[in-house]
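Paired with subunit B in one complex and with subunit C in the other, subunit A is shared by the two complexes that follow.
Moving on to the complex of A and B:
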């Protein structure tokens, strides 16, 4: 009995002495909520971190620091030299990359530690900032909550309305390494205040290719994700003497349902994608007189034409820039594997020569509460 | 080689000598010792003499320094000589003695031929032939008539000790159930139970336990339902007791439970007759302990500590909801502070972003690490609770207010603990009050501290270790040889009708298998069909 007791006691004492090594009390931590990467005029890498300040005595509830370093992990060391707590990256919400850095190739390699270190949060949203990142980090005003939280909400709600995409750090990893797809991330810009400015489309390697407006993003999302969140589209209605009028003919609608079929083929040395989209829409705004009872079919055709035109522009733009944010490569791989195999490493090149034909069918299901 | 076997032998002998600790060994040893000792007969049997003087002298030597012993001698027409009435004054019903014994005996008008026994207008009368019995009967509140020239004494049951009236049960208050709780007299308690079960199959086996206390235990069971094996187990365990006295039901439970080192109660103690009746009908066995206002019921399962009588008197969807609430409360009461510690000091990643900011803000001022903070508050809570229990009701409420509002408020303002911690403690307290059984609730109080320690050392991993150990222990535990984890493990799906969900009564056609009833059917087709039929 005594022996058992002794062993038990010894075990208990030994186990409770070390505990777990990685124990860190919340109040001793500096939780990084937003990380920024940028490069200055002298081509030096800049790292920014924004973390909440818990102290009651502090007037400002959030602290922002910027350091020069050569890598993210090195920057952590520099941050630890500045902030009171231990810098932790388990709760990172936003990952911002500045414009100058985006224009360099291979910036994605800097993110290595994010994926290698299991304690890093990979749920952070990827953001491209059109300007120097310090602008973003030092935008704190009294009217807004902590910068990181404000931006987080801004991005998430904008994504709900399909004004921008929501690409997590993990998702970016997939998009970068996926051969049949090029990445797309949220784009922020500062005009008067920081605002969501559509979507940044990146090249295969991650360099900045072009930007989509919020309006275009909705079309991208429809092709990429199908119906997710609220999709509201506003289109001009063709009008012979429209240009002079203050109030022009416009029509807006919700996409209530969406089904698409992509037919993939390989003819004459290039890929053909025939996209057939069926949209069930509900008119939400029509600021010109129109007899819906009589001419709803006509309205449908007009909408179809407009949407097709939008898509045509979008696709042309992307093909010109040799990017494929729509993921047509995935279809190519699925249905034309042999041909895909030959071009998989230069898919964007192959895509730029592909023929994409989008046919839409609009079915007007609703007309709102008034006639 | 030879040396080796020798070593082994000496080792096992050493173990035997030291009484090497193992659970089975513990019970076995207890059993063996009791068999050996068997209960020594103290002194030789002393017959009653036919001379009254000798008997009285004998009684006076037995009962020295006993001022409450009354020996009343008188001449009676119905005996050959003098008669002595002996009793202990506090333990007897004086009305009964005066009106039903003394008056007829002293009344000269009665018929001279009747025997003395026929004169006494008292129900229970028996004869004793030796002084030991006489002594025992006097000590238990009977009065004894010793008659000149007779070698048998007449023992008359005239019990009448101080008693409490039947009141509402204190620990197990019920909204819709009966409002009668057990009292301290076993006869009354048995009567309370029998009122629910006027059935000849309700059998009572009476035993006396305790060399000095001679506590009367009544094992009650339904003969055609209860399992004979379980009954025998219960009886054997009680018979093996060799002890001074059993004062309370809790003592008995501790002496006969299966695993004395388990944190969980393995037998139900209840103060509700309706609850006992329902257990008996399920095939369980009840032990009524004289002088104790609660009754022991076994075999118990873990789930049976989460059931109350009210569950069956409220409508089944409501009862189900409350049942689920209790299991939730079980988890909250056991794990919430531990989870708080684990999250705040190890696994902050899983806290949602908005919450982590408010936790961080409130933790910032606290000078203690989370484990200490939680221990501090939980201990304060336990103290307040104990303080409230021992105080009379009006002051007890004050303690609650002082503790809950004043301390809670002040402690946060002073920055000693975070307000999240106060919320956690309050939740835990409320959750632990929801557990209907006091023993189980107390067990969870203890487990909570164990879990907090583990969480403080190893975070969520520690909690998982604790949970798994607890589960493993629960599965291996038995109550009177019946699995404690039943109907979860071993899985008995038929009993799940009364586990998380309380299905409508008419659907519970069978008794629970977990109680080892030997006759399962308890009702026929009772499904109400409304006006359609």
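Moving on to the complex of A and C:
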């Protein structure tokens, strides 16, 4: 009798399982891979979604939709009206923000649902698109795989070579809220085809400040992340009669190792950051004659000077625009806390007056296969 | 006479029962609470909180060793007389109900929030009831084995968290002692709350096979929990900026959302499923001792009848009422306040009582 009762109870409980309302069959799902946010000339918010289509009958393998709505969650309803399955946001890989929207302040508030809804994937890459976002969503060509997958590869591999940053949605949250750092996200643009165009630097609130080229991004990454992925740098070699020649003196190298120390101090009412960078490099290209056996020390000093000059330009540019993508504020907080506390809410202002001194030490470890 | 000989537990089971009861809800919210109160120096409050809880644990063990074959139920009735003793024991029952229900509803709410937002809560409750019934009906020893097993099954977690190492910004932790010692002491109350759970030794002590290891066991359990809290908090502080961490309800869960493998994207879902086991080792002991105590109060040896009634009541209540988000926080706070009394004040009072009231158990008198 007892056994029967137990089995009956277990059966009853198990049978209630299909009552689970969150079950979803894959064929009923539309997995959004890329979400776009933009604003049109009439200041109406536009939302885009790109999802793959898994059907043998379909000729096109991915569908792109754009709707007008007031918020991301509202836009989901509109998407559900259009696509065959229920739109799911758990697999989002790319998050694109258009140029016009980036110029408005407080666009970051639109992202609320991404952090509030636990099902959203927060590992999606943040992208600034220099143009209207619909261009990006309707760029499908026969030579490329599905738009979202193509862009994902494009961004990830570009980041591997350090010509752009890789800022996830979660990381953007940190960069926006962190007082001692301003955000930097991947920038895409369409020239003939859509291409990676370095890094977009944003202001404290998330508005567009300036763009870095892929070349400059490598320098930013070295300061921000240290050595991650491949870092290859190409520099001009000072030449007395350079400017007119077609083939100029140029030297390229890749960074094998990198260590940096930041010394922070507060003197005369402003912050001082002394960055000491030690680079271990290997020459990968030199298109002019040079006696490396004799003069490798001279080559080292030339590279040091060139790199420092690059950094000087980069820092000046950022200080002028009052942005701190390098996160010097974190150092200020860690080592000069009392002074930091006074300026933490206007850190970018304080940073624009700070004195940053970058000293590099280049150690040439390799010279390649030929002399 | 060994009353509980049929159900003795080993030292390992004793350690993991207590450790399991300690690590529960706190692990999800402690980093944020500490960031709120103390800032990035909060991890030091954990160590201070650990010291306090170890101290009280040792006092408790000492008090219990006076009557090594008795649970708190019998001790209280011996010391305070039958009726007053029963009244106090009844308060302990209420505490156990409060604790188990808080954990239980928290687990349901978490599942509802993170995994199954559309599923009605009572279905999740039903699903939790089955394993709860299976484990609890067999008593302390089985529960001990269960806690130990769950502990071994969670050992992969720190390894996966370590893959996050490159996302850490250890600069967040500096400067140490940024606002001096005062806020660190202010953080201690919320850390000692997360060590609540060792008071289960009130019940577990007589079940322990080798009593000479009781002190060692309870210190080990506390230390294990401290290490869990410390590592989770440090990782959260390293990952989240001190300016943003207070924005999240469950920073620890958010941490798992970042982990991504080539073959597995949403590790947080996997973690949450395993975390339910961790939560169960917090809630189930309290459930067991609720029904264990009520049975003893009514003079019954078999606690299973009371268990069935208790579980049935949970299902009925979950049909009618599920606490809202803010009720839940009130519930957790209430447990914190009551826990402070039961786990920290009560053992000290008890230790004083057994020192001064010299009553001998009946068996020994004879």
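Note that in this section the second predicted complex is superposed on the first by the 353 of 371 C-alpha atoms of A that agree within 3 Å, B and C clash if a C-alpha of one lies under 4 Å from a C-alpha of the other, contacts with A are read in each partner's own complex, and residues count from 1 in each chain.
What we mean here is this: contacts are C-beta pairs under 8 Å (C-beta built on N, C-alpha and C of every residue); 3 or more make two chains touch, one makes a residue touch a chain.
Predicted model only: the values in this text are computed from it and were never measured.
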Next on the checklist: With both complexes overlaid on chain A, does A:365 touch subunit B (first), subunit C (second), both or neither?
Outcome noted: neither
Checklist entry - With the two structures laid over each other on chain A, which partner does A:121 touch: subunit B (first), subunit C (second), both, or neither? => result both
Next on the checklist: Going by the contact rule set out at the top, does A:1 touch subunit B (first), subunit C (second), both, or neither?
Outcome noted: first
Checklist entry - Between subunit B (first) and subunit C (second), which does A:10 come into contact with in this model arrangement: first, second, both, or neither? => result second
Checklist entry - For A:88, is the partner it touches subunit B (first), subunit C (second), both, or none of the two (neither)? => result first
Item to check | Touched partner set for A:174, first subunit B, second subunit C, both or neither | outcome: second
Checklist entry - Regarding the shared-chain residue A:205, is it in contact with subunit B (first), subunit C (second), both, or neither? => result neither
Checklist entry - Thinking of the overlay built on chain A, is A:335 touched by subunit B (first), by subunit C (second), by both, or by neither? => result second
Next on the checklist: Quick check for you: in the superposed arrangement, does A:215 touch first (subunit B), second (subunit C), both or neither?
Outcome noted: neither
Checklist entry - Both subunit B and subunit C contact which residues of subunit A? => result 16, 19-20, 22, 90-91, 119, 121
Next on the checklist: If we count contacts the way the header does, which residues on subunit A are in touch with subunit C in the complex?
Outcome noted: 10, 13, 16-17, 19-22, 90-91, 115, 118-119, 121-123, 168, 170, 173-174, 176-179, 181, 228, 330-331, 333-335, 337
Next on the checklist: Quick check on the complex: what are the subunit C residues that touch subunit A?
Outcome noted: 113-120, 123, 126-127, 129-130, 166, 169, 171-172, 174-175, 178, 240-241, 243-244, 247-248, 253-254, 257-258, 260, 265-266, 268
Checklist outcome for this item: As the complex stands, subunit A meets subunit B at residues 1, 4, 15-16, 19-20, 22-27, 29, 31, 33, 52, 54-56, 88, 90-91, 93, 119, 121, 146, 149, 152
Item to check | Of all residues in subunit B, those that touch subunit A in their complex | outcome: 18-21, 344-346, 348-349, 353-354, 356-357, 359-361, 363-366, 369-370, 453, 456-459, 461
